[in-house]
Amino acid sequence: MDGQPQSEPASPETRARIRASFDRQGLMSHLGARITHIAPGRVHIVLPSRPEVTQQHGYFHAGATSAIADTAGGYAAFTLFPENTEVLTVEYKINLLAPAVGDHLEAVGTVLKAGRTLTVCRLEVFGVQDGEGSRKLVANGQQTLIRVNSPEQ
Amino acid sequence: MDGQPQSEPASPETRARIRASFDRQGLMSHLGARITHIAPGRVHIVLPSRPEVTQQHGYFHAGATSAIADTAGGYAAFTLFPENTEVLTVEYKINLLAPAVGDHLEAVGTVLKAGRTLTVCRLEVFGVQDGEGSRKLVANGQQTLIRVNSPEQ
Amino acid sequence: MDGQPQSEPASPETRARIRASFDRQGLMSHLGARITHIAPGRVHIVLPSRPEVTQQHGYFHAGATSAIADTAGGYAAFTLFPENTEVLTVEYKINLLAPAVGDHLEAVGTVLKAGRTLTVCRLEVFGVQDGEGSRKLVANGQQTLIRVNSPEQ
Amino acid sequence: MDGQPQSEPASPETRARIRASFDRQGLMSHLGARITHIAPGRVHIVLPSRPEVTQQHGYFHAGATSAIADTAGGYAAFTLFPENTEVLTVEYKINLLAPAVGDHLEAVGTVLKAGRTLTVCRLEVFGVQDGEGSRKLVANGQQTLIRVNSPEQ
């Protein structure tokens, strides 16, 4: 395994494990985000536009943009981890490339390099206008994650 | 002005301008964050602990931690800008140093270098246990912001 | 112009302008680096292996890896700038993904987003073993650059 | 040990271990850099001005600035590591705040958080004019490092 994401879907066990973890994230449901795609080394998260996720000009807040980007990258890494492990974000860097507007944002986390301890992901966030079929890159980042063993039950 | 933060409070006009802008940020009120300190080149934002801001282990979500850090840095820069200007985040990088736990988080944005176009801030987030008087650095970052002229009314 | 790099070569004027600038960089010739490809929004720089660019274990030093990555990104942005402008690096972030080994390193700077003031590039560095035809990603980063007008002569 | 740098000098063994490692870095001697201060959690590296470390305008090249910043942070972390371990840079981010000019640059790496696996450092680079006694912050960054066990001899 060299960390290259693949196009086939993740196994049912992996998908179930990630959905269960995602559902325990109070912030994601509070923002209204949902996971829309889980493949080995790649996860998509969608955040619909609503006043509760805006900054002072009515665009998506950089904090909301970053939150779904960070989460997408974390679960992208997690798809490649064995059972009884957890993923933690070590750090990330994100550029806000354009005003984050659209009917919804789509964050895409993609594993660039999977290691035994550390994994590095690319983070992309697109602003999508459903009616017009437009999809524009509004943020781009890079993230480092660490794998830790789950505490004994 | 060389961008060094000062200890005296910001002017009433600056404080009013920042509070008005903050109140227009749907995300901040949705998360339950509030501004607690506004000085020239330095702004503090507090986020109380609640299930709506957690990740899967019950800690503050990195997205919530980052959202208040980004906002604190943005307004720290904004305290040094002239009227009829706006501030936009160009990019930031943040390390999650320790599990973000506590009764509340306190994000501190501090201007490191103020320029005519670009401003660079240090971002720090502390986990605070009110009862115990403990305050621990849980995240540390660095942010680049750009000053833009406000659109004509 | 939306910042997407194109595959045709840059104009002779652009190539000459970049080569002249590169030749004025004392560090690049001191390290032994050279530009090998200049296209609109994309520049490659090669650094041969030699003891003068190593760290303590004999691999390429992260500082050398970063220096050619930063320079490749800067000139990639510069290919899209008008005459009488200069490019300055605002900031960059780079992950060292694997030990940087090989007969030479190849840094590839690619414009992700070109703006009037700020440009964002992706930075990639590959370790290349000439004899074996192997080419491995050893570093990956992201960079923000600013366009400034040249001082009057 | 909570990673806070201390003001007393490092032990003779630590200083010797770091100087021996530094002397094996081909790049540092090729650039003309030298270590000037080693304390627990803090290391200084100085780089004198010379044409071999410049960019196209005659300032210190961002690659040279970054190389000494990365190295200062790496050895700052290394001062806190036990014997028979090595330090590797995972990633860093650096803002170039001002043109890097001066008789020499001084890079200061300071441990912000020391962990068993990962350590985070603050990176600062100052441009120093010896005659005028001026010392100006020209770059500021943040770095993540990993501790690995030395291979068996």
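As written, the chains take the letters A, B, C and D, and residue 1 is the first residue of each chain.
Basically, a residue touches a chain if its C-beta (ideal position, glycine included) is under 8 Å from a C-beta of that chain, and two chains touch if they have at least 3 such contacts.
Note that this is a predicted model, so its numbers are computed, not measured.
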Between A-C and B-C, the pair with more C-beta contacts: A-C
Farthest-lying chain, centroid of Cα atoms versus that of chain D: A
Chain A and chain C: spacing of chain centres that average the CA atoms, whole Å: 29
Euclidean distance of C-alpha centroids - chain B vs chain C, Å: 33
Touching two or more other chains - residues of chain A: 90-91, 93, 95, 120, 144
Complex contact set, residues of chain A against chain D: 90-91, 93, 117-118, 120, 144, 146
List of chain A residues in touch with chain C within their complex: 93, 95, 97-98, 112-113, 120, 122, 137, 140-142, 144
Residues of chain C defined as touching chain D within the complex: 21-22, 24-28, 30-31, 50-57, 61-64, 66-68, 70-71, 86, 88-96
